[in-house]
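Every chain is named by a letter (A, B, C, D and E) in the order it is written, and numbering of its residues begins at 1.
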Amino acid sequence: MQIEGTAALFARRAPPAGSRPGHFVVPDDAQPTAIRALIFREGHCEERSVTSAEELVEATAAPGVTWIDAVGLGDGSLLHWLRDALGVHPLAVADIAHTGQRPKYEDYGERDLIVVQAVESEDGEGVSIEQVSMIVARDFVVTVTERPLPLFDPVRERVRSGTAMVCRMGADFLTYTLIDTVIDGYFPVVEEIAEVLNDLEDEITERPTEKTLGYLHTVRRTLLAVHRVMYRQRDALGTMMRAEEAPFSAPVRVYLRDAYDHSLQVLDSVESYREMAVGLTDVYLSSMSNRLGEVMKTLTIVSTIFIPLSFIAGVYGMNFEHMPELGWVWGYPAALLLMAVVAGGLLYSFWRRGWLRRRRRYPLDDADGADAER
Amino acid sequence: MQIEGTAALFARRAPPAGSRPGHFVVPDDAQPTAIRALIFREGHCEERSVTSAEELVEATAAPGVTWIDAVGLGDGSLLHWLRDALGVHPLAVADIAHTGQRPKYEDYGERDLIVVQAVESEDGEGVSIEQVSMIVARDFVVTVTERPLPLFDPVRERVRSGTAMVCRMGADFLTYTLIDTVIDGYFPVVEEIAEVLNDLEDEITERPTEKTLGYLHTVRRTLLAVHRVMYRQRDALGTMMRAEEAPFSAPVRVYLRDAYDHSLQVLDSVESYREMAVGLTDVYLSSMSNRLGEVMKTLTIVSTIFIPLSFIAGVYGMNFEHMPELGWVWGYPAALLLMAVVAGGLLYSFWRRGWLRRRRRYPLDDADGADAER
Amino acid sequence: MQIEGTAALFARRAPPAGSRPGHFVVPDDAQPTAIRALIFREGHCEERSVTSAEELVEATAAPGVTWIDAVGLGDGSLLHWLRDALGVHPLAVADIAHTGQRPKYEDYGERDLIVVQAVESEDGEGVSIEQVSMIVARDFVVTVTERPLPLFDPVRERVRSGTAMVCRMGADFLTYTLIDTVIDGYFPVVEEIAEVLNDLEDEITERPTEKTLGYLHTVRRTLLAVHRVMYRQRDALGTMMRAEEAPFSAPVRVYLRDAYDHSLQVLDSVESYREMAVGLTDVYLSSMSNRLGEVMKTLTIVSTIFIPLSFIAGVYGMNFEHMPELGWVWGYPAALLLMAVVAGGLLYSFWRRGWLRRRRRYPLDDADGADAER
Amino acid sequence: MQIEGTAALFARRAPPAGSRPGHFVVPDDAQPTAIRALIFREGHCEERSVTSAEELVEATAAPGVTWIDAVGLGDGSLLHWLRDALGVHPLAVADIAHTGQRPKYEDYGERDLIVVQAVESEDGEGVSIEQVSMIVARDFVVTVTERPLPLFDPVRERVRSGTAMVCRMGADFLTYTLIDTVIDGYFPVVEEIAEVLNDLEDEITERPTEKTLGYLHTVRRTLLAVHRVMYRQRDALGTMMRAEEAPFSAPVRVYLRDAYDHSLQVLDSVESYREMAVGLTDVYLSSMSNRLGEVMKTLTIVSTIFIPLSFIAGVYGMNFEHMPELGWVWGYPAALLLMAVVAGGLLYSFWRRGWLRRRRRYPLDDADGADAER
Amino acid sequence: MQIEGTAALFARRAPPAGSRPGHFVVPDDAQPTAIRALIFREGHCEERSVTSAEELVEATAAPGVTWIDAVGLGDGSLLHWLRDALGVHPLAVADIAHTGQRPKYEDYGERDLIVVQAVESEDGEGVSIEQVSMIVARDFVVTVTERPLPLFDPVRERVRSGTAMVCRMGADFLTYTLIDTVIDGYFPVVEEIAEVLNDLEDEITERPTEKTLGYLHTVRRTLLAVHRVMYRQRDALGTMMRAEEAPFSAPVRVYLRDAYDHSLQVLDSVESYREMAVGLTDVYLSSMSNRLGEVMKTLTIVSTIFIPLSFIAGVYGMNFEHMPELGWVWGYPAALLLMAVVAGGLLYSFWRRGWLRRRRRYPLDDADGADAER
């Protein structure tokens, strides 16, 4: 889901109100389903393609730990298989189908549901959020995503190798590894947002334009979206970490604590950036208002000097017959002198008020500008 | 209740202070009461019309599960029947009569009260909120609404069919189904608000008018109303979900958790939209202030150039007899040249300050504007 | 206490710091004390006037339930009687004397103290808050107010009738009834504030004046005062409702839950109105800023058109001897034509920028204005 | 500590980082120490001066309850005596030396530490905050302040009298009495701040100046300081009140609850005033912006009327030879008439826009202004 | 880490998403590792240099308490030694390598991890934050920092002396001492920020410039960073303080409470300063807006006076042949008189509106300015 406007930002696919509980709807444009099963036992990993409910059950029942890695909702067959053949609760299946769920951990007894949201930066074009639904059982994990998730490639590689730590542990450690990968995927995205914010900070301090606030608003919207997802993700991790009878064994719970810690760090950063962005809005508005002040000062100085001078000129442009000054030889120079005196007095008064000191926006001031930045 | 102004938004029908506890008042313009009883048992559903206290008691006592579906408060007879014939607590009856209650779950022993608020969008004319009061007992559910609620039609259909899941479960599952339907009814409304907000976002970024903020204010008010109702709804669901001795059995509590989850999603979205709306207010104000800046800049440029030129013209319009320049052959061209030099110098200084760069609001810039949006 | 300014809003009568704990001060202008005792037992109610400590003890010791209804602090004798003859804790007595207490429930063993704050609207002149102090024992309730409280009249009537529900229950139900009456007294006041806010909303959207924000500020202050009092009231009710060994029996606690629920509704409304008021402040400021923009636009259009024209006139008003145009027959019409061309060009440029479109504030637009309101 | 600027507001005396834990530093300008011991037993009170560690131990060991009332840190001997002779924990001693501690109650076993902060108004010059450190044991209380605290004078008097309630109770009641005195000392200070705020409210509504916001800022800063101290004070009182094995006996805990209640009242008021102050900032800014609007309107009206008139005059001041109007007998009156018509038209258009209605800031409007205030 | 821009402010070194859990990356520019072991037992302290895993194990196994004081991550050997030779959990090792962790206390059984962040002021150039990672075991403490931390020098001295309190206690007291030193290091930094804020307050009240808000923004950013770090530090201290089975013995937990208290004080101050900074933003914006008002008032006064006068002059500069006033002997003086009357009337009207009263920004007003400051 690419974040394009406010409406799309928090969308959730949902069946019409009043539908049968557990009823699910698969979108027409869903990608075809591709299911791989990775079955691993100490030092060994077997990879199969799964194309039917029978193969699915067989793969999950194989000795060792099985990772069913499904991509694409297709025509919904996968979801039916999960519900009917694997015994996944209908509500859990509906949550897999209706992406845009909040991250959560739901205990359904033997087949628990975990939903996390992976985030990927799209080359400065915003972020895209992709739901990763997981069904966690004692010996297998099913992951379902709508589109292929490059984020999981390194994990797939390690599992295939058959020798990594993940291969020596159970399904709970695999689950942790996938969640941790999703969480760690937030760091580069947040860093990218931070850089955009940094650039905006420079722009606002040095040369704000009308569009700057629009950009800032977009950054704030993205931060809001990331914050909202990560906030729920942290809650879900906290629940998993504390659940005594969860599918997670004690040693894996230590690892979950680490993932929880990472989610807190992401949240801390995002919250800090959100506060920075609010502060920048103030700086921007003040900066634009200073610019207006500069414009008005120019107008005032020029008008205030020339309007009285023009008045003097206007007086001696009157056509009265009896204006003795007009006949004087020194009349014209005297009038010019009077004008100069008036202009000089006004300039002096402006100077005293500090209006003539130059706005510092030019080369020599850049150093000062940098000072202000520290 | 259509939301028309702030005062109406949070209205609550209430008896005068100091009334006897449990005293209730039925509004004069209440719709006449229409009561249908849907009695269902595995695979079979019977529908009756109920017009007296006796029929009401009879229907609830019928074997199987009974849904008493009452619409309209009428002359209050229904409420008296509930209190006197069915043994509903007087305070619960008063809460049914005085619509505008906060959503809640109140345990009165055998006849619990659940209040939820259904929301319906009115063709972009705002939202209307309709109280759904439910009396939940072991074998029957009474629902009371002031007006017919189309939202419940699919549930009625499923119950009548006699074969749906709801027919195989108890009164608690029927209660859940109705609550879930009410909660799911918020999604399209929130989506509609999001679209309005999206349009406002475009309008503010591209061509804000004086009225934009008024619209934004209306959207914020609607979001506030939805948030307030849903917030309490979530609390009520949480209480139901956790109550050990509630009318809800363990399997149904799993379903309630799903409804709770949906209420959280609605809340999350509404909160996000509220934050967006606040941010948009800033963008709007900044945009209006930029427009003012543009106006002032135009005034300043024109005045600052022509006021000095007019002054020069004024000087040579003076009628002194001894003004040698006036007699020079090249006097006039020289004066024009002086004016051109002054104007050129001022223009150059404006150009250096960046005041002459064009405001980018015209066709070619729309692409850029779209960039800012991403 | 009428709310007149900020300082008075949250005033509290207090003895000087360092006074003996339990020391109390009665204000000089206290109303004389009038004490009525209402003693009721199933179906029967006796009313007495109480004028001495002995009569007070006698009344409270009478069989049945006694309501000591005291109005006015007088010379403080009542407070001494309560402390010395009835055994009320000195700190509780001090709290009765020093009105402006926060609403609270304090368990002193046999003689508990409940403080609530009743609110009355003063014909749109603001609200007045009146402390109701209650001493609750097993068989009697003492209520003390500084001034007569019309709010309690219906309750007095019901008690006197001897047949109402309140007469069949204990002192705890009477206490509940009084508290409930106080809470329900907030609804009309909040409704009145909502109507004022509604009017302000119309005023701000359609014709804001300089004073509007002052009114809005006053409304916000009143809402703040009501919120603060009700917030504490809710807490006190929560404590009463949950206290196991409180003077409240289980059936009465069900009624207290209803009063608690009402207090939550008042709070919800007040909080919503406070948020609306904050939002209206933004709309107001934006509206005033738009008006300034309209003024500036007028100035800019007129100045920008006429200043260049005046310059042209100024040029041909110069007195150079060698200005060939002056002698041309078509010189004057040509100059006028030049002026018309310049003016036309400027007008066209303003029209393109949308500056000439009319502000929509006149009759025909009222319909649109109403649209914005929805 | 007088509050003079932001930096001083929240200062805390501290030893350099890395010092030995419990290490303390006494400031060079500390007042000399003066220690009085008040030893009281039912109906009798003895007062001694204490000048050595031995006398200190002797006084605390005397039968009855002892109040060691120490003023001034002097050369730190007192602190050494406390630590070495009385067995006070080194960290507690360090907290006494380093004033500016947050209010707190720390259980060190036999010698508990209580820190509260007393506040005194300085004749409208701001507030001063003075730390009161207390060491509470079973039979004695040590209080240490940097400067004499007039607030405690009434308590000293009551103790000396030997007959007050405080003399009949234990060290815990004395501790409560002192804390209560400190808390009650906040009421007059908060009231004084409220009056300043009230004056500012009038000033802002009627005649705001450039300085008003500076004053408001100062009031906000003072409220912030008082809030922060009282907030922690409330927490400390809550801890004391709830601690089961604290030095406080059950009857005294009832009194502590009263002090806790007073601290809540102070907090409520301070929070309300802070919100009022924020609201006033908005009103002020709007008021200043209205004044600017008034200035601009004046400029616009005058300029918009006279600039076109001057243009007409300029046209007929041109020196073209062929300007037939100039020769007409009625030319001059016609030109004047044209000017009058233009001016009248413009005035009518301004009147229609409501720009000519007078700003209501003069005598007759004061009544209205007062209305707005209600 | 020096705080230079927003992006750098909350940076965290992290391995790529999808890495093996516990995988760590050492930056290329890491300082070479220097490890000192301080082994102390009552009254005696031995210091060794550690250069291999064997020496590390030997030092930690020596009788007495050992402080392994490691500076610089070097090529990562230290981290491998910790993990492989000392048995530190891989996740803890990764947290040491990836600086920028949030402060925390993590219980890994025998080898607990504590992360704190030390802060140092950089001569008014901002603050730098340095991660201090600690591995705490029963008999030894390992501290790892990226760069030498002068803050620890006094502690090192005390340990080396062999006689300080820290030498008589266990590893837990040493841990506390180091944490306390880090916390106390915040006080001078916060004080420095407070002084900058104080200067800004003066600047804003007396002579705000365009850059002031930029500086204020920088201060707010720094306060945000300090707040965020200290907030988590306080949480970690709270966890340590409460943990029953932690490495901390009961007497040391009393000391930890003191460190917790200090962290609360830092937080309180930082929060207060943040609120002050927000308030100052308002004062600044209002001050800049007042300046604009002053500029506009000048323009308005000058324009409003001279534009009508120029109009009068323009009228008598018209060249109509039949303008009788032009021929009058007193025409010119009469015109001048008319102009004087008009100017006088306008000045009087401005004076009545209070526009001519001088802005008080000059020497004599400084006293008043100081008043406003109080």
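Quick note on the criterion: a residue touches a chain if its C-beta (ideal position, glycine included) is under 8 Å from a C-beta of that chain, and two chains touch if they have at least 3 such contacts.
All values reported here derive from a predicted model rather than from experimental measurement.
Student: Using the contact definition given at the top, which chains are in touch with both chain B and chain C?
Tutor: Touching chain B and chain C alike: no chains returned.
Student: To the nearest 5 degrees, please report the angle of the rotation taking chain A's Cα atoms onto chain E.
Tutor: 70
Student: Interface overlap for chain C and chain D, more than half of numbers shared or less than half: same or different?
Tutor: Homomeric contact, different residues on each side for the most part.
Student: What's the distance between the Cα centroids of chain B and chain D, rounded to whole Å?
Tutor: Measuring from centre to centre gives 40 Å for this pair.
Student: State, to the nearest whole Å, the distance from the C-alpha centre of chain A to the C-alpha centre of chain B.
Tutor: Between these chains, centre-to-centre, one finds 25 Å.
Student: Using the touch rule from the top of the page, what residues of chain D touch 2 or more other chains?
Tutor: 285, 289, 292, 296, 299, 303, 307, 310, 314, 317-319, 323
Student: Would you mind writing out the residues of chain C in touch with chain D in their complex?
Tutor: Answer in residue numbers: 4-12, 14-22, 89, 91, 101-102, 104, 106, 108, 125-126, 210-211, 213-215, 217-218, 220-221, 224-225, 228, 232, 281, 284-285, 288-289, 291-292, 295-296, 298-299, 302-303, 306-307, 309-310, 313-314, 316-319, 323, 325-332, 335-336.
Student: Where on chain D is chain C touching in the complex?
Tutor: 151-155, 158, 164-166, 176-177, 180-182, 184-185, 187-188, 191, 194-195, 197-198, 201-202, 205, 254-255, 257-258, 261, 264-265, 268-269, 271-273, 275-276, 279-280, 282-283, 285-287, 289-290, 292-293, 296-297, 299-300, 303-304, 307-308, 310-311, 314-315, 317-323, 355, 359-360, 368-369, 372-374
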